[in-house]
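See the structures that follow.
Okay, so chain A shows up in both of these, paired with chain B first and chain C after.
On to the complex of A and B.
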């Protein structure tokens, strides 16, 4: 497959490249304004609303949707589901880029990027949940980089370094699962400090559990969405084995996502019961909560189940996109919509267009870098020089 | 609804009792859902 070199759109003026180019230029302009004029020049953040969409979307949603890396690695290397092996590299790449962009977004929000190592070197604050999130994200980004490195090293032809990196796979996977469990849940724990600010329907002592369980469905769904998009736009880069496994991966992951979504729905309902918040369901916020719970948890769960039973990939892909949108809605609800819900409308936060512009810029950068790497490195195919090696380790693993 | 409870004990007894019933319902429901999800596997 790699000998068949097709340069899809690269070096040509296509609508995609043109729109991406405009977004990149706009994003760079916003970057200059942010770093010269400060947060006030580009955001509507205030003392009431110190966290805007750069945290609510770029960080909370970004981390959840990047969960495909640890979910897929754990399924293949820890649980031994080798039939999903072809999904590991694309999922790890998506996860790595997702976390890299999370850190990039954080530097925009924090402002002084060179101070990011401060929590580890200058002021530890080890009792803070935020410290744990910072430590886990920093370590997990490193783990994802190392997990991704075999593809880059194969591309560069560095055999010894590549073999060394492959040997670390199991250790890295276990470390990655531990770190993900810690920080995916800790992102929910961040809101435990604000029971009076977060609407009771979203606030729960089980927020860390909700964030962790929903991250698994987010990861599974993102692998299906990414697989569908790659199958459509990068299929010429896939080898026969990858093309053959693609549908099997979607079906298997859809079954897992349906089951976990059912569990997530159940524990969300139990959260209402534990807080005895049934009476709040008939309020406007309650209806919004029900929309999230029924429309973006129960409905995709049912769609996944139908898709798996009927072996219908169109339904499965629809359910995957629906679930991803549900995760976006949930994280925005927790961090923005239901946060400071008691404040008068004039004091509520609505993002500045430049905040939205920067988020679009970062997502576009992620897509472009993914395309750049997928078109050059062995992500969707086995590198010919390492194919036998891979097959050997694959058969030994089985 | 909030007027129903005079003490924390009453509140906890009510909410925990309702939640335990929900947990039983969820376990049965999830078992049924798993059967629904994997039913066709056996047919093939």
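On to the complex of A and C.
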């Protein structure tokens, strides 16, 4: 226990703090180069490849992996699965930080970051899928901020504001699920406009459905992964209820993930069938597609099912990490690997190290801020002053 | 493959058209937008192009673009296939014609000024507009720089000023919209020495192109590229070789880009209005189940308690009864014992007494 505390303590020199310090310095340097030399100085983007990993990873993967917030709050507040209540705050916090970082990444990626509010304030391009994505992400970031606010307000001791924020839980949850359905799917719809550029195995009129359904599996898996990580490094911050519920959350979410991955697998196969692309499966791109479908959808689905049946948390955690990797693979395939597949090899995109460096920088910032908050605010435990109140508002109001 | 793509595109088109969209041009359910009447365009007859690059030089001049590394008279650039860039709105490429002994084909590439442009459909700030005169014009003053237009463009035309840190713009051919307004020809058309480029009303150009195909069937492939591709473009092309040999994609289909996303976008209001009903419904059902469970639990407990009470009372009564009976029996037994003792030893007892 004390060792873990030292490992995590902020403000102390530990390997973790050293490495993250180096990454932060590197990230700040890349920031300076980006805003003095332009995108050309830090990226390998080209006129053929206008989107790189800052969109493929930071935006597409980032938003998918931040789905834990809406998935968990929907499970607890809408579906009434109260036994997962202790998972809500960590999931909402991750979601909030995830979306905040997505927006941060976008300010680097777009040419003029300070104009990001232009689509709302200056001129609305309502025919654009990106307009919908932008509107939903902006609104959902606000929703997540409000959903997260009770923890911060409890920490600050602002009772009245906190109670007001808690009262909005139900409305915020429903609003959050609507917004998430819309923009998780729309991130897939973004690519519908370019059937001539995306490989037919990945291009499908079902793209929005694929993105939405896989975001649920991403959200469930991320909650399990985060649970495992915080159980290891932040368990001293957890109250007995949280510690007791931890494994139940993992088991329940694993069961849901197994079912949803099976459904996702089915609609992916249906997509091949509808497009009649069976013949493409034997091509190199087809094998890559099969690797994604069998290796990173069917396999984790199977692993989850075994893990649930055997009640084996190690298998479940492995399946969760595997699913998350599968989501990363899928989003990168759609946006980068299978996109522009018709171009000669010399025109294809491969990220500059500084693009990767910035993505790593942003993820590191996310982890550090999560740690900062989790060490101070009531994320893994109920604030003693609000315990009664929480129970009251939770079981009576709702 | 081609057939299935066709089918698929058609399916998308139908899906797109079937839904009334916010954009007025597509809202009339089965009507196709054939372009603004009398809009202008250019016909590029590639069979007349000699690859002199005069159009490139003129384009560079009238648009005040930076001077290129190689002079416009340098024909060695044809060795590599080039594309438009932030510094070049148009390029001419050379393609070797299939079959030996035939002349190479030169094709000029620039923005095709689609009738329903993908870039305009994709732009979330409306920086691209299809003007009634024909040009697709770009407004840098609102552009955020997301580059979704470049993802969307099926002809891979828009380029970006990646090396500009603060005011990067998307760069592409304007069809010389400012010159047209002043009654001038587009720079490239004016410069072309062989009349490979003809400027005019799009519908006149289509008639002219068709006439050429009819008059010289051996010279041309029987297709006007751009008449229907991606819903039609303001630039039209004639070729003596299949267009795929001239570096132009023949698999783009005739569906305008807008139709690919309109189906998905049409679900937005649907989800926004149905999801609250669905979610509140699920919530209500889960609450109702919970309440039912609680009521059932309460009544079950009550029933159980009542049952237990009754049972206990009965048991108590039974026990009391039994006790009473036992007590009576004991008394009787004792009485009997006493009587019996008295009758056996009457004398003794008397003695005691």
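Following the convention adopted for this analysis, the second predicted complex is superposed on the first by the 385 of 398 C-alpha atoms of A that agree within 3 Å, B and C clash if a C-alpha of one lies under 4 Å from a C-alpha of the other, contacts with A are read in each partner's own complex, and residues count from 1 in each chain.
Here is the rule we use: a contact is a pair of C-beta atoms (placed from the backbone, for glycine too) under 8 Å apart; a residue touches a chain by one contact, two chains touch by 3 or more.
Predicted model, so just to flag it, every value in this text is computed and none were measured.
Undergrad: With the two complexes superposed on chain A, say which partner A:98 touches: chain B (first), chain C (second), both, or neither.
TA: Neither: A:98 stays clear of chain B and chain C.
Undergrad: Could you look at A:150 and tell me whether it touches chain B, chain C, both or neither (first, second, both, neither)?
TA: A:150: touches no partner chain.
Undergrad: Quick one: chain B or chain C, who's touching more of chain A?
TA: Comparing chain B with chain C, the partner touching more chain A residues is C.
Undergrad: Of the two partner chains, chain B (first) and chain C (second), which one does A:275 touch, if any: first, second, both, or neither?
TA: both
Undergrad: Using the touch definition from the top, say if A:309 reaches chain B (first), chain C (second), both or neither.
TA: first
Undergrad: Touch check for A:259: first (chain B), second (chain C), both, or neither?
TA: After superposition on chain A, A:259 lies in contact with chain B alone.
Undergrad: Regarding the shared-chain residue A:90, is it in contact with chain B (first), chain C (second), both, or neither?
TA: A:90 sits against neither chain B nor chain C.
Undergrad: Touching chain B and also chain C: which chain A residues?
TA: 275-276, 279
Undergrad: Touching chain A in the complex: which residues of chain B?
TA: Where chain B meets chain A, its residues are 1, 11, 14-16, 18-19, 22-23, 26, 29-30, 33-34, 36-40.
Undergrad: For a test of understanding, state which residues of chain C touch chain A in their complex under the given definition.
TA: Touch list, chain C to chain A: 1, 4-5, 8-9, 11-12, 15, 21-23, 83-86, 118, 120-127, 142-148, 150-152, 154, 156, 158-169, 249, 251-253, 257-258, 260-265, 267-268, 271-272, 275-276, 279-280, 282-283, 286-287, 289-290.
Undergrad: Provide the residue numbers of chain A that touch chain C in the complex, in ascending order.
TA: Interface residues on the chain A side: 34-41, 43, 45-48, 50-51, 74, 77-80, 109-112, 115-116, 118-119, 122-132, 134, 170, 174, 177-178, 181-182, 185-186, 189-197, 200, 205, 207-208, 275-277, 279, 398.
Undergrad: Could you pull out which chain A residues touch chain B in their complex?
TA: 255, 258-259, 262-263, 266, 269-270, 273-276, 278-279, 305, 308-311
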